[in-house]
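These notes concern the structure reproduced below.
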Amino acid sequence: MTDHPMLALEHVGLRIGGARILHDVSLEVRTGEMLGVIGPNGAGKTTLFNVISGVMKPTEGVVALDGRDVTGEPIHRRAAAGLGRTFQTSSLFPALSVLENVRLAAQAHAGGATSVLRMPRRTDAATEAAFAALAEVGLADRADAEASGLAHGEKRKVEIAMLIAMNPKVVLLDEPMAGVASGDVPAITEVIRGLHRGGRTVLMVEHHMDVVLGLVDRVAVMHHGELLAADTPEAVMANPLVQSAYLGEAV
Amino acid sequence: GGDAGSTDPGEPVKVAMLTSQTGPLAAYGAAYTAGFEAGLDYATDGTGTVDGRELDIEWGDDQGNPDTAVSKAKDFIGQGYQILAGTAASGIALALAEQAEQNKILYISGPAAADAITGVNDYTFRSGRQTYQDVATAGTFIGDPEGKKVVVFAQDNAFGQGNLAGVQAVLGGQGATVEGVLVAEDATEFTPFAQQLIGAAPDLVFVAWAGASSGAMWTALSQQGVFEAVPVVTGLGDVATYGAYGDASSDISFLNHYFGGAAGTDVEAAMIEHLEAAGAEPDLFSPDGFVAAQMIVQAVREGGDTVDGMIEALEGWTFDSVKGEITVRAEDHAVIQPMFQAKLVKAGDSWAPELVDTIDAETVAPPVAGE
Amino acid sequence: MSTLLLLVITGLGLGALYFLVASGLSLIYGLMGVLNFAHGSFLTISAFLGWEVGRRVSDGTWWGLAISALVGIAVGAIVAALTEYLLIRRLYERHIEQALVTVGLSLATVALFEGIWGTDPIYTEKPDWLGQTTEILGAKIPNDRFLLIACALLVLGGIVLFLRRTRYGLIIRAGVENRSMVTALGIDVRRSFTLVFAIGGAAAGLGGVLASVYYGYVSAHLGSTLLIFAFIVTVIGGLGSLTGAAIASVLVAVLQQFANFYLGGTGDLVVVVALAAVLLVRPRGLMGKVA
Amino acid sequence: MSEPILVVDRLAGRIAGQQVVEDVSFEVPATGVTALLGRNGVGKTSTIKSILGLIDRTGEVRLAGTRIDRLPTHRIVQRGVGYVPEDREVFGALTVAENLRLAERDARPRRELVEQLFPDLVQRRAQRAGTLSGGQQQMVSLARALVNENRILLVDEPTKGLAPKLVDEVAAALAAAAKTVPILLVEQNLHVIRKLADRVVVLSGGRVVFTGAATELLDDEDRIRRYLGVHDAADAVENTGTLEETR
Amino acid sequence: MHSPDTDTDTPTTDAAASASTTAPTARAAAGAKGRAAASAPRMKRTLIGGLALVVLLAVLPLLAIDIPGVLPGPTYTPGTLQLLAYAMLIAALSLSYRMMFGLAGLLSFGHALFFAAGAYGLGMTLEAFAPVAWPSELVFVVSILVSLAFGLVLAATVGALALRVTGISFAMVTLAFAQAGSVIIRRNPGGATGGDEGLSLDIANVPGALVGVLNTRNLYWVALGVLVFVYLVVLWVEKSRAGHVAEATRENELRVRVIGIRPYTVKLLIFIVASVLAAVAGMGYLLLQSGASPRVATADFTLTLLVIVVLGGVGYRWGAIVGGIVYTLLDQRLTALAGSDFIAGLPAVLRVPLSEPLFILGTLFILVVLFLPGGIAGIPQRIRSGRTQHPVEAEEATDA
């Protein structure tokens, strides 16, 4: 198969003004791997995702996706190449319906997304893909609701449905469980597992350690903009620095 | 469809008047309207009828907006009106002239000054003076123009450009060197241009200015000492603008189309009497309305019921009017009329015009358009 | 040489006038996000009422001018506060609608002014000294330009102090971003909003009276002619940056003077081209804050 | 028990014409932490916003005996109500320092307390709050409420998005604060609730379905499953408590 | 105008949720997208309704319907036809503006530029071609094509530059271009534009059927044709995938990028289509008015469009049409009212404001923004839902 990692960062650094936000981050993620990213607040996890997805441009280093250098590419080109992400606080098209939100994602992937000559229909492939994605996250009955009126947990699910509809090769999840009621955590965990099962490469920032540990193959630890370690969950958990800087004392 | 085009003798004659009742030129519209009513009264001996036929006069507001004017004109024409008159804006007058030609009706434009209206087509007449006549009047102030240097200080718009072209044609043709200092219409600062005028050291500065900025412009000329350096001539506007010249008032020679009392004719006296009875004052464009009324009455009286007949009745017609004897030149419908030279004198707190000279109609007659 | 100097100093004077209008506009836009198309009307009504009162008290004297200015400032503040209270407040956080309401207001008020005071400009008197000139290096500078520059500096300083020394600037910037959270911190944000409008209106009112000195007339269109330049300098300077607006006012006015004089009266064209160029190079204007 | 600090009686709230809080009545005692619980979308946030007058509401709310349900929000807050909103709601265009300064209501704000609790913010005083990380924004939001003396704190999901270590710290901070001021706390993290809450109020479908001592709910697997949808109480505890095991 | 269907399949939760305080206009536009694929019978009904309306409008010149106070005369008279034709062209222009502003959220202050480009472009081309010895029909058609191409190139250039910035900067850059255009037109370079006095139509190569008051009827049909054409193009674009992406871009541009679409392309596309449609309306205007005046290139004219679109209802396509027609009629009729004896007889406090048409229009507009956020087109919806706060969801699908 492929001899290169699905996603590779080489010596990535980012400065804003005088502040060093990311420093010398190198990381390789294999195809089909699920990687957890943890670290204290402000460690640079979201920034890392921003750099990978193109929302921010690194000031140093190289980002390669599926063996291709994408450092200079705009966001949409990377997305079209199979990179999907969610945001730490839900980011939807608030005035559009749930279905429309997801269908746009599906349509973007299907090509001809911005064609004036083609009409979206109830029966076209993009709509079907959107319905399928909604069914997968259990929101099929909310398809016609307007996104802005959804409860918090539902918004998180729509974000994931959009990812499914995009059918990306690499998925970046930024705190998918934040604000999700305890009762819903298992369901969303399942959905994420489903995302991964399709052979996708998944990177996930999450502070719910049980979720992280239950899902991922490897854990990367960020601290002060640097990547401290990327190792098995057991090894990372045993790291004293992780314990003192991130986990803290047992409550 | 409709029944446009047929007019039964004996039925009222429908006359459409389009002028600004609102918008930036509303004041001109008011003066024109008052003048028209006085003229109609005069020409019909107070009956409002011509040879027993009723004149059915309908007024419309052009709002100073060509689109509105064209719409209204089309509405009138569609209703069978064959006589249309009025408007102070040259742009509107030209648009209406176009309508007149397309639809073969008679159009007598109002105070609009553009030379282009003269001779634009067979169907279009005018009731006022044109830019050329203004300029030619100014030309008479400096004696023999041969070898003199004249600078035209004007706004860079149709009015200003027209004046510059006029001066070039009139005084340039008589041997003067003519230069233009054209200022962007929206400019608000005239001090440097005043400097430029002095720098050019001309024998005469001809100022062609309209609109609100004239006050600031005159102040700038006066502050920079243009009046001490050069004689300055300009057109005297309507009563509302007498205050605009400020301290410069007494230093300017004014060419003038008309002000109340300038002509001293019997017709003028009749007009003023009528205006005052109606609570109005004679003003710059009162004669334009007055003349329009006279022309319409003439057209109806002599022209019968066809537009061609009316045109024929007007072409070459000479008559007595407010400003004196007036001729509608047959070739291009130019209105050959006397013009005035005036000055402003202090009258209490405000300024009042005083006649300096009357310039003979032939002296300032424009060349025949299109020749 | 003296022409250059004349162009620069009269440019400064014109820039001062632009700034007097732009300061309120920039304050209101920068703090509240309201693109206030009615600002010109605030200016016009202040100029009219200032003139009406001033000439009755003492026409063409310093005393009369001072009265006019005070009346203008008061009228501007009151009208602006009323506008905020009656119209803008109901539409909070809906910036497009707020701008639209002010468009409607400017349409209606200009028509109303025309109805009341007519369409022709009404020429005004001013103290003699203002009509005279002072010679600087051979250039005869009209004295009223100095008055304009002085007032513009005062207004700039005053507003900067207001923003620095009081919490209002903070409250309003926060309130624009998230109004309900500001109230949830125990702050009556509505009062602050009205106050800012009033201050902007007061600056416009002063600008109106001074504009009537500069132009030598009052008319229903006094405000609308100045407004477009005020918008341009506000945007070039960087939305919400008062010093930016001040710098841009001067740059635009001087540029306009030079282009009008040396480039065949292309001042307006040059200014709009400059606007487009600045925004394309620096979308947030010269001194705009990073959004 | 002394008189409750906050009494909510038949409170109903609407957003854009739609009823989101149906009929909610409960009391917050003058000491300790009262937790307001429920699944996503049951109306916890809306209840708090109704109390503050941030959304249209009807019903009766009394703070220390006086009705506050007719007052505008800023007056309610001025009476000593601190609020930590659900989504942080920091002013992104303002700096950290400006955010805090804006929140200072008292003549002598408790700056040292805040600085001591969140040293990270001291470092970032001049940074615009919009560029802070999610967790840092949460700290600003908490700091804004703690900087004043309050009679009650309304805190909506303060640990959302915080790293485990910080969750502990915030919990500790709230526990410390609770010694002097009563808190109405919305929280999803059962572990935090277990540690802090004295009493619980459970909402479902815009109504109160359970009120009682914290232990009454948390020790009852059946109730937890019923009210919070957690299928296995042990699992729920584990959810947040895995750390001890793993270590 | 037909009213939207009265049945609604909207779940209540959805309805209420959509009414946020932040962006009611935009919100109203989005509304029923979830229900985009409305049921077939309903679409058929609206299709028939729309067709019937067009047919009615088309036969209007053959009928003698008189609505005193609204129309200046019976519908067959040139005056009325002229007014209606003018109103329809303004409606077409507003429709194109709405596509940009309401759909894609692009607040342009320079739309007038493209209307003027159409009007002046055609006028100047006709004049330039006047001496050419081709058959006059050919010259006419070629002139139209040349002006369209001119509009297209202009739109692409301005759009490509202006869309590099967003928000208020975009508005100002478009304003700058439009101002530049306006200044150039008024400057009358080489005598090409006629300056302040406007450009008059050179009728040498204009088909005789489009010249003269007696042919106003034909011009009316041309205007109707332009309106229907613009409507269909706008409908098509809005319903297309690109239209949906444009809508999404208005809502959340970063999100659009992240799902793999470049917003710039879509915005540029919408900008160009809207601008070219404006140019088409501009050509109709030139023919109808037998000329063009510099007024149509001013920022004020764009502001008027904004007023029209909001008056009609940003959330509704037919709102722009209703707005355009209502505005034009009001503008004309209020002038008539202002000059009426009734007004003249009032005391000064009432007479002065009421005799200013723009005062009444401005006030009316303020009231609409304050109290009718859905605009005129939103009234049926409000009556039906009985709500007083904000427009909830626009039944976009029903007027398709």
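In order of appearance the chains are A, B, C, D and E, and numbering begins at 1 in each one.
Here is the rule we go by: contacts are C-beta pairs under 8 Å (C-beta built on N, C-alpha and C of every residue); 3 or more make two chains touch, one makes a residue touch a chain.
Remember, it's a predicted structure, so these values are computed and weren't measured experimentally.
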Graph separation of chain B and chain D (steps between touching chains) | 2
Which neighbours does chain D have in common with chain E?
-> A, C
Using the touch rule from the top, work out which pair, A-D or C-D, shares more C-beta pairs.
-> A-D
Of all the other chains, whose mean CA position lies farthest from chain A?
-> B
Using mean CA coordinates as chain centres, what's the chain A-chain E distance in Å?
-> 43
If you average the CA atoms of chain B and of chain E, how far apart do the two points sit, in angstrom?
-> 38
Using mean C-alpha positions as chain centres, tell me how far chain C is from chain E in Å, no decimals.
-> 32
At least two other chains touched by the same residue of chain B: list those residues.
-> 22, 156
Note: chain C residues in touch with at least two other chains are 114, 268
In chain E, what residues contact two or more other chains?
-> 13, 16-18, 20-21, 23, 355-357
Chain C-facing residues of chain D, complex = 52, 54, 72-74, 77-78, 81, 83, 85, 89, 91-94, 98-99, 101-103, 105, 144
Chain E partner, complex, touching residues on chain B are 1-2, 4, 21-22, 59, 61, 63, 65-68, 70-72, 74-79, 90-91, 94-95, 98-99, 102-103, 114, 116, 156-159, 161, 185
In their complex, what parts of chain A are in touch with chain D?
-> 16, 19, 38-44, 46, 88-89, 151-154, 175, 178-186, 207-210, 213, 233-234, 237-238, 243, 245-251
So, in the complex, the side of chain A touching chain E is made of residues 53-55, 74-77, 79-80, 84-85, 91-101, 103-105, 107-109, 112-122, 143-146, 148-150, 162, 166
Chain C residues within the chain B interface of the complex | 2-3, 6-7, 10-11, 13-14, 114, 118-121, 123, 131-133, 140, 142, 214-217, 219, 221, 225, 256-257, 260-261, 264-268
